[in-house]
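The following pair of complexes shares a single chain, subunit A, combined with subunit B in the former and subunit C in the latter.
Presenting the complex of A and B:
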C-alpha cells in the first residue's frame, strides 16, 4: 500500500520537474519581466509531492511497515521511536530521498525568495535545478528505490546498525545534506549567470546568502560528525582523516574560498569567472563525495553498504555534469581584465583562496591517490594522519598570520600595515608565558601556538576598535576568533593528551604516572535491544586525590547481532577522562585504553563559534537589503 | 629574504621532530588494523590488533628503532599497513604534487597582481 503511494508521489514529483523544465524553456523566449504563476504553482506541487513521498517513508518507519524492503532491512519494532524516525535516513535509499527532498526545498525557496530582477537568470537557475532534481529522482526510482515492496511481508525487521543509533548521528546527515545540497543553488545560479550575462554585483548578492547558509550547515554537520566519532567509535580521537570525513571537508574548503571571494565580486573588483568556477567546483565536489561514499571504492568505517551500480550511475552523472559545465563556461565566460593591488583586501582574499584550494588539493590527493595506485599498479598503500599532518601543519602558520593581517587592510588601496605593533608584542608575551608553562620543545607546534594566539588577540583588538567606530563585522570577527581558538586548543590538546594501553583482570589495579586505575568488578545489564558487560573502574588522581568512576561497556546488540565497544567519558570543564575496554578472546583479561584529553569542550566550542559567524553573515545580509 | 627562507626551512624540517611522544603509542597510531575498516592498531579492539601490539612491544624490547619496525611490518604485510606512506618511486607524486600545486597557485596569483605592481611603482 504505502510502497505504491511512495512510488506514485515521487514519480509525480519527477514529472513536475520535466514540466517545469519545459515551461521554463518556453518562458526564456518571452520578454516579460514577471515569472508566470504556473511556474510557481508547479514548483509548489513538486515540493508537496516530494515531501509526501518522504512522509510515506517516514510513516513506514514509524509504524514499522515491513512490506517495504528498506524498512525491513533497517528497522525493528523494538527500536525506540526516535531511532525509527532517524532510521529513515540512516541508509542509502532513505538518505538519497532526503537529499532529493532538500534539493526540492532549496529550489522552491530560491524561486520565492530571490529578489533578483533578471527573469531569465532565475528561470535558467530553475531549469538547472530541475535537471538535478530529475536526475536524482530517476536515480532514486530506478536504482535505489526506498519504496521497493517485499513479499511475503516479514514479521520483524533486521534492525539498524547500532553505531547509527545515536542522537548525534540522527542529526548529522540532515545537517550535512543541507550544506551539500545548498551548494547546488550556486552551481545552478553560476551557470545561469554565465548564459544570461548577469552583472557581477547582482550575481554576488543573489548567491551570497546561499553560500553562508550552506557553509553554516556544512560546518555544523562536520562538527556533529566529529563529536559522534569521538564518543561513539571509542577510538579516542575526533578526526581520523578517514576518506569519508575527507569527503565532507573537501567541499567545505571550497565553500570557505567562495564565502570570501563573493565579497570581492560584490564590490565589482573582479573574480567573476573565479566565483563561477568555485561554485561549479563546490557542487561537483559534493557529488564526488557522494560518489566516493556510496560506491564503496574507499575503505572506510563509514561505508556501511555499497553497490557498484550506484557508483556507476553517480559517475556517469558526474561526467555529464562536469562536461556540460565546462562547455557552458568556455562558451560564455567573459574575459576579465582587472588589476589586483598587492596588500589590498582583495589581495588577501586571493591568498585565502590559494590556501583553501591547496588544502583541498592535499586532501583530494591523499584520498584518491591510493585508489589510483591500486587500479594502475595494483599496489596498496594507506594514506593516513601522518601524511596530512606533515603536509598541512606547516601551512597553518602563514594561514593564521594572513587571517590576522588580511582583514585589517582596505579594499582596492594598496597599503602595507606595520607588522611590529603592540598587539604582536602582547601576543609574544602571552605566548612566552604559555610556552614556559607547557615546556613544549617542538618548534612547529610552538610557532602554531604563537600565531594562533596572535590571531585571537588581534581579532579581539579589532573588535574593540571597530566597536568604537560602530562598524563591527561580527561574522568575520567571530569566525576568525573561533578558528584561532580551534587551532590553539587542538595544539594544546595534542601536546597534553596522554594515553595508557594495558591488559588487566577484574580486581587488579594499574599504577600509571598520575593515576591509579582500579578494575573493581564486572556487571551485566540488559535492555530491549542489547545486553552488555559493564566494567566498573575507579580512577584515582594521585595529585588531587579525587576519584572518578568510569563504566565502559561491551554491548551485544540483538538486532542486528553486533558487538560495540562503548567508551566511558567523564567530561569536565578543562579535561575529558576517556576509557574503553575490550576483552581478549578466550581469556579473562581485558585490554584497557585510558586517556586524558584536555580542552575537548573548547575544541567543540571553537567550531561552534566558527559556524556561528556564517549564520551572522547570513543575517547581516538581510539588514542591508 | 634570506632570513625568511632560513626560517621556512626550519619550519618544514621541524615537522619531522616529534619529540617526547611515547614511541610505542606513536608506532601503533601509524599502523592500519588490516582486518578492520580504516582503524589504526592503537584504536582497534580486534585480535589482530592485539597481536601487532605484542609484536611492536617485543621489537622495541629487542632494541629495534621505529624505522626498522615499520620496515619489518611492511615486509611482512605490505605498505598497506603503514598510514604514513613511504617516500619511494610509486609515491613521489603523492608527496610532491601538493607542493607543486601550491607553487603553481602562487605563480597564478603573482601573474594576477603583476599589473598592479607595475602600476604602483
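Presenting the complex of A and C:
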C-alpha cells in the first residue's frame, strides 16, 4: 500500500522535473523579464510530491510497515522511536531519498529567494538543477528504490545496525547532505552564469549565501562524524584519514577556497573563471565522494553495504556531468585579464586557494592511490595516517602565518604590514611559557604551536582594533580564531595523549605510570533493544589522589544480534579519561585500552567556532542588502 | 631577444612548473614511504623481499583454538590454510574478532613467523569479509 504511494509520488516528482525543464527551455526564448507563475507552481508541486515520498518512507519506519524491503531490512518494532526515524536515512536507499529531497528543497528555495534580476540566469540554474533532480530520481526508482515491496510481508524487521543507533550518527547524514547538496546550487548557478553571461558581482552575491550555508553544514557534519568516531569506534582517536572521512573533507577544502575567492569576485570583480571552476569542482567532488562511499571500491573502517551497479550509475553520471561542464566552460568562459598586486587582500586569498587545492590534491591522491594500484597492478595497499601527517603538518606553518597577516591587508593596494610587531613578540613570549611547561622538543610541533598562538593572539587583537573602528568582520574573526585554536589544541592533544593497553581479570588492579586502574566488578544491565555487561573501573590518579569511576560496556543487541563495545569517557574541563574493554569468547580476562586525552572538548569547541563563522557570514550578507 | 614582459612571464611559468614538480615528487615520495602493503601468511613465507620493521597489514583467518590471553597480550595465529603466522597484540579487539573468523592485523613483522600488531581492524558487518582476505583465501580453499 504505502509502497505504491511512495513510487507514485516520486514518479510524479520526476515527471515535474521534466515538465520544468521543458517549460524553462521555452521560457529562455521569451524576452519577458518575469518568470511565469506556472514555473513556480510546478516547482512547488515538485517540492510537495518529493516531500510526500519522503514522508511515506518516514511513516513506513515509524509504524514499522515491513511490506517495504527497506523498512524490513533496517528497522525493528522494539527500536526506540528516535532510531526508527533516523533509520529512514541510515541506509543507502533512504539516504539517497534524503539527498534528492534536499536537492529539491534547495532548488525551490533558490527559485523563490534569489533576487537576481537576470531571468535567463535563474531559469538556466533551474534547468541544471532539474537535470540533477531527474537523474537522482531515476537512480532512486531504477536502482535504489526505497519503496520496493516484499511479499509475503514479514512480521518483524531485521533491525538497524547498532553502531548506527546513536544520536550523533542520526544527525550526521542530514548535516553532511545539506553541505553536499548545497554545493549543487552554485554548480548549476556557475554553469548558468557562463551561458547567460551574468556579471561577476551579480554572480557573487547570488552564490555567496549558498556557499556560506553549505560550508557551515559541511563543517558541522564533519565535526559530528568525528565525535561519533571518537566514542563509538573505541580507538581513542577522532580522525583516522579513512577514505570515507576524506570524502567529506575533500569538498570542504574546495568550499573553503570558494568561500574566500567569492569575496574577490564580489569586491574586485576578479577570479570570475576561477570561482566558476571551483563551483563546478566542489559539486563534482561531492559526487565523487558519494561514489567512493557508495560503490564500495574503497576499503573503509566504516560499513557501507555495497553494490557495483550503484557505482556504475554514479560513475556514468559523474562522467557525463564533468564532460558537459567542461564543454560549457570552454565554450562560454570569458577571457579575463587582471593582474593582482602582491600584498593586497586578493593576493592572500589567492594563496589561500592554492593551499586548499594543495590539501585537496594530497588527500585525493592518498585516497585514490590504493584504488588505482589495485585495479592496475592488483596490489593491495592502504595509505596510513603518517602520509597525511608528514605532508600536511609542515604546510600548516605558512598557512597559519598567512591567515594571520593576510586579512590585515587592504583590497587592491596595501603596503606590506610590519611582521615584527608587538603581537609577534607577545606570541613568542606566550609560546616560550607554554614551551617551558610542556618541554616538547619536536621542532615542527614547536613551530606549529608558535604560529597557531600567533594567529590566535593577532586575531583577538584585530577584533579589538576593529571594534574601536566599529567595523568588525565577525565571521572572519571567529573562523580564523577557531582554526588557530583547533591547530593549537590538536598539537597539545597529540603531545600529551597517553595510552595503556593490558589485560585484566575482575578484582585485579593495574599499576601504570600515573594511574592505578582497579577492575572492581562486573554488573549486567538490560533495556528493550540490548543487554549489556558493565565493567566497573576505579581510576586512581597517583599524583592528585582523586578517583574516577568508569563504566565501559559490552552490549549485546538483539536485533540484529550484534555485539558492540561502548567506550566510557569522563570529561572534565581539561582532559578526557577514556576506557574501552573487550572480551574474547567469554574468557575471564578482559582487554583494556585506557587513554588520557587532554583538551578534547577544546578541539570540538574550536570546530564549532569555525563553523559558526560561516553562519555569521550568511547573516552579515543580509545586512548589506 | 625576448622582451622583458615575455621574459618575466617565462620566469613565472618556470617557477610554477618547478613548484608543481617539487610538490608532486614530495607527495609521491611520502606516499611511497607510508604505504601499508597487505600480505597473506603464505606470501610472507614465500617472499624474500618483505622487509622486517616495515608497517604492513596481514590478513587471513584466526586459527581455531589459537587465541591465548595473558596479563599483557593477546596471542593468536593467522592462517590462510597453507601458512601460519603468530600475532602478538596489546589492546582491545573489535567485537567481531573470534576464532575461525576473518581478521586484518596492522603492525610490524618481527620475523617470518611472528607479527607484532598495533591494531586489529574491525569490520562492523558480520557478513562482510574484507576483499583482500576473500581473495587470498580463494586461492587456498579449493
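Quick notes
Operating definition for what follows: the second predicted complex is superposed on the first by the 618 of 625 C-alpha atoms of A that agree within 3 Å, B and C clash if a C-alpha of one lies under 4 Å from a C-alpha of the other, contacts with A are read in each partner's own complex, and residues count from 1 in each chain.
As a convention for this text, contacts are C-beta pairs under 8 Å (C-beta built on N, C-alpha and C of every residue); 3 or more make two chains touch, one makes a residue touch a chain.
These figures come from a predicted structure and were not determined experimentally.
On the superposed subunit A, the two partners subunit B and subunit C do not both fit; they clash. In the superposition on chain A, A:496 contacts neither subunit B nor subunit C. In the superposition on chain A, contact of A:397 is made with subunit B only, not with subunit C.
By the touch criterion defined above, A:582 reaches both subunit B and subunit C. Look at A:591: by the touch rule set out above, it reaches both subunit B and subunit C.
Looking at the shared chain after the overlay, A:461 reaches neither subunit B nor subunit C.
Of the two partner chains placed by superposition, only subunit C is touched by A:161; subunit B is not.
By the touch criterion stated above, A:369 is placed in contact with subunit B and with subunit C alike.
By the touch criterion stated above, A:329 is placed in contact with neither subunit B nor subunit C. Shared-chain residue A:562: touches subunit C; no touch with subunit B. The partner of subunit A that touches more of its residues, comparing subunit B with subunit C, is B. Taking the listed stretches 61-69, 97-105 or 133-141 of subunit C in turn, the superposition on chain A shows a clash with subunit B for 97-105 alone. Common to the subunit B and subunit C interfaces on subunit A are residues 233, 235, 299, 301, 303, 358, 361-362, 365-366, 369, 379-384, 386-387, 390-391, 501, 565, 580, 582, 584-585, 591.
Listed in rising order, the residues of subunit B touching subunit A in the complex are 10-12, 14-20, 22, 25, 28-30, 32, 37-40, 42-43, 45, 47, 50, 53, 78-85, 90-91, 93-95, 97-99, 101-102, 105-106, 108-109, 112-113, 115-117, 119-120. Put simply, subunit A touches subunit B in their complex at residues 233, 235-237, 240, 242-243, 299-301, 303, 339-342, 347, 350-351, 354, 357-358, 361-362, 365-366, 369, 373, 377, 379-387, 389-391, 393-395, 397, 414, 441-444, 447, 499, 501, 565, 580, 582, 584-585, 591.
Across the complex, subunit C meets subunit A through its residues 23, 26-28, 30-31, 33-38, 55, 57, 67, 69-74, 90-99, 119, 121-126, 128, 130-132, 135.
Interface residues of subunit A facing subunit C in the complex, by the touch rule stated above, are 161, 163, 233-235, 299, 301-303, 305, 358, 361-362, 365-366, 369, 379-384, 386-387, 390-391, 501-504, 560, 562-565, 580-582, 584-585, 587, 589, 591-593.
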